[in-house]
Every structure is written in structure tokens, then in C-alpha cells.
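Here the structure is laid out as C-alpha cells; the discussion comes afterwards.
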Amino acid sequence: MSDSQHRQSFEVRDYECDMQGVVNNAIYQHYLEHSRHEYLKTLGLDFAELARRQINLVVVRAELDYRRSLTSGDCFAVLSRMERISRLRFAFRQQIVRDSDGVLILEGLIIGTALNARNRPFLPAEIEAILG
Amino acid sequence: MSDSQHRQSFEVRDYECDMQGVVNNAIYQHYLEHSRHEYLKTLGLDFAELARRQINLVVVRAELDYRRSLTSGDCFAVLSRMERISRLRFAFRQQIVRDSDGVLILEGLIIGTALNARNRPFLPAEIEAILG
Amino acid sequence: MSDSQHRQSFEVRDYECDMQGVVNNAIYQHYLEHSRHEYLKTLGLDFAELARRQINLVVVRAELDYRRSLTSGDCFAVLSRMERISRLRFAFRQQIVRDSDGVLILEGLIIGTALNARNRPFLPAEIEAILG
Amino acid sequence: MSDSQHRQSFEVRDYECDMQGVVNNAIYQHYLEHSRHEYLKTLGLDFAELARRQINLVVVRAELDYRRSLTSGDCFAVLSRMERISRLRFAFRQQIVRDSDGVLILEGLIIGTALNARNRPFLPAEIEAILG
């Protein structure tokens, strides 16, 4: 497991809030996904470039604990840590933390793999190199 | 636990697909949410009307198993079943099944509660009546 | 110009509403896009299949008149009519009409073209055949 | 008309791209909306706070010229200028410009007004003060 942790900063945009006046549940997955892709870029992996080569990183399971809500104008960070969990699977442990008071908003465990052009799971060498 | 099951029909819209050519992970949460809200309507509960009365139904945990992907034009159903899991919490077991071949696309367990105007968990009488 | 008109039925989903409690402005473009793609399918053109062949239908201009708002649970139709407006451009005149009272919610004029694999505008034979 | 211009920086997120591998047409409206709201904040107006007071800023017309596409990872700015166009209406002239080469991606003219709690157009004193 990597000891490094990635931190991505965000600010809630009004269109992300729903009629309850808070960020819609699905939007948190967007925040987490964007953070994972930025994290992977810092490790030399570009999700879009892999997709063009028909190597598709995919999520196979997501566990999301919604502890508090974010609302209009809130600034927050997504903290992400990547680890290998089996021969063909890796996981991201992710937390969303509000800037103003350090309160934990959401915890997520996202398990993924990669699919080749024939939709078979495999880990490309670039990911093997990262996971060690 | 209720023996009834709710079924909601959908068709993938092109704007829901991402650069991988399949439905984006977060969009499945939209499908599940819309199905839960329609299900609740059949039970006499309107999410929007509750929100206007400052009774906010909220998700506290989501577990999502992504088994296959949906793509442009796929028709599918979301099957939902609601049950009580504790004094203040209820759960929806939800499945997404593709029409063309009956293949299971996603399984979800969504745990929720309701918050009153002061953000305290409680179950309003209308939900108590449903959960029994 | 075609005399035919396409009609697509929708119901507002709660996640499409924003903190004002009405459908967010950008979402109407999703409704219009989905209607255009379904319309094209009835004419034998599949947007996704064209994209895979590197023929990209693109919007070059949109004029949207927002007359009223849609809200949670509203049922409505998108009416679309396609016409040629120049050698390389076509247009969709689209209206959103609420089912319950026939009120006009939005009028749109969407001008498009197609781009080939080298991003040059052209109209593929399938579209020429439709536009006549 | 104000001489000031507001500039908001963005980076394309992968989930904003559709199956064509470029930012979906509707997403540009999100970029424009977020920029307008941030612009208004610099002028002392908070869209969310106004909504809570039942003063709803609404778009009545949008003209969008799509010149080029943005894709995964592109950095860009939205430039916005606000002006009064009639007693009850104001407009934002907005441009999206790509950072890497200064290319104009989109031009928009967004016309808006405000609605009071009874859905009647009016301009609150705060906006009158800005528009002069």
C-alpha cells in the first residue's frame, strides 16, 4: 500500500445542489471520480488516454457513507489513498472534508479494476508499477 | 419488511454516457434515486412535498455493486424493495436489470433516514405507517 | 423542410431540480438533445453509432427561450421539427409543452452540422437523404 | 453598462465529457451559470441566499455559439460582463477561452430577470444598485 495521499480542492457549485438545498447524493461520486483521475495523473496515468487505448478503468464496487451535507459555496477537499486489494483489483479510500471546520462529510471505499478491449479484467503494466 | 417490489422502467439517454461510451458511474445513483422517489409516491409519500415541509429524506450509506455497464439506447428496469432496518433507519434493496437479456447490471443497498427542520433524525408518521 | 414532427414524452425527475425547486436551466438542453437523438433514430440515424464511425453530429448554435419552469413530477413533451438551413447546416425547432395544461415552457432553435474524422464539416449521405 | 469583466478559471473534468470524448453541450451552461454566480458574489449578491428569500434570478433567454470543443483536462476561463438591457432585464455576455492557446470556444448571451415570491418580474434594490 502506498503511503502517499492525494488531496484535491473543490468548491460546491450551485447547480450541484438539489431542491433540498444541498449537494445531490450522486454528485459526490463525481467529486470522488475527478479526484481519483487527478490522483492517477500525478502517478503518470491518464484515464482519458487509457480509454482511447481501450484500457478502461472501471469501478466494481462503491461504499459511500454520507455523514453530513455540503451546500452552496462550501469549500472542501477530497483526500484519496490507493492500495492493491487483490491480484486484479485496487481500492481508493476517499474522504471529503469541509475546509471551514475540518468536518468529515463523506467516506468512500471505491474498488476498481481495468478491462481490456475484450472486456476482460487485467492490470496494465502502468498500474502494476504503481501498486507494486 | 414489505413483500411488495417496485419496478421502474428506463432507457439510457446518450448524455448519460461518458467518454468510455457507457453510462457514467454516478448516473446509476440518479436512476436509483428516481426509482425510490417514484416508489415512495406509490406509497403516498412525495419527496418534494416533504422537502417543502422541511422533512428531508436523506441517504446515510450506499453500497453499489457494478456488475456490467449500460450503454446508449439500453432499456432497463430498476427493481426496489423497502424495509426497516432499525428504529430510525430504512433501506432500499435495488437492482438494475437490462431488458434485452435479463442480465443484472447493478445491485445497490441504500440506507436512509429522515431529518427534521433542525437536522435531527426521526421517522415521520407517514413513513412509520409504511414500514409497520 | 420536413412536415413531420417528432414528439417525445418525459417526466421531471427530482434530481433534475435545483435549489430553486425547479428544473435547472442546463437540464432543458439534455431534454432537447435526447429528443433530437430519438427523432433521428426514427429516421434511421443513430448518434452513438455515427460517433463510433467518427461522424460527429455537433451543435453550432442554440437559442433557448425560457418561458416557464418545470418542477418535480411535471409531465411534458418535447416537440421537434428538423429542417435544412444551408448546404452544411440543419436546424431543429423544438418546443417543450407541459402535459397538464398545454403551456409552452421553452422554445429552442438548435443549429447543427456534422464533422468528419478530421473535424471538417460535411453532411453524410444519410443526413442528405433525410433533408432532401 | 459596467466596464468590469469577471474571469473564472476551470478545468474540464472527465465526467463532463460524453461519448464523443468532448464536453457535452449542456455542461457549458453549467460553466456559464457557475461563473455568473461567482461574478454576482463579487458584487455582493448571493444566488443561494436570494433563493432562500424567495427572490429567484432566472434566465429568460440564452444564445450560445459553440465554436470549438473542450476535452478532458483542458483548462479554460469564462469571461463575463453584465449589463442592463431594459427596465426589468439584464444580460451577461460570456466567453469561454481555452488557456493553452487562447482559442475562443463558446460565446454566450444570457438574458435574465428576477422573480419575486409571486413569480412576478422585478429587480431587487441590490441588482438595481449594480446595474445603475
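Couple of notes before you dig in:
For clarity, chains are labelled A, B, C and D in written order, and residue numbers in each chain start from 1.
Assume a residue touches a chain if its C-beta (ideal position, glycine included) is under 8 Å from a C-beta of that chain, and two chains touch if they have at least 3 such contacts.
Remember, it's a predicted structure, so these values are computed and weren't measured experimentally.
The best fit of Cα atoms from chain A onto chain B calls for a rotation angle of 180°, in steps of 5.
Between the chain pairs B-C and B-D, more C-beta pairs are in contact across B-C.
Distance between chain A and chain B, defined via averaged C-alpha coordinates, is recorded as 22 Å. Between the Cα centres of chain B and chain D there is a gap of 32 Å. The centroid of the Cα atoms in chain B and the matching centroid in chain C are 28 Å apart.
In chain C, the positions touching at least two other chains are 14-15, 17, 19, 21, 24, 26, 30, 33, 48, 72.
Those residues of chain A lying in contact with chain B across their complex are 19-20, 25-27, 29-30, 33, 48, 51, 56, 58-66, 69. Against chain D, in their complex, chain A makes its touches with residues 13-15, 17, 21, 30, 33-34, 37, 41, 46-48, 52, 71-73.
The touching residues of chain A, counted against chain C in their complex, run 14-15, 17-19, 21, 24, 26, 72.
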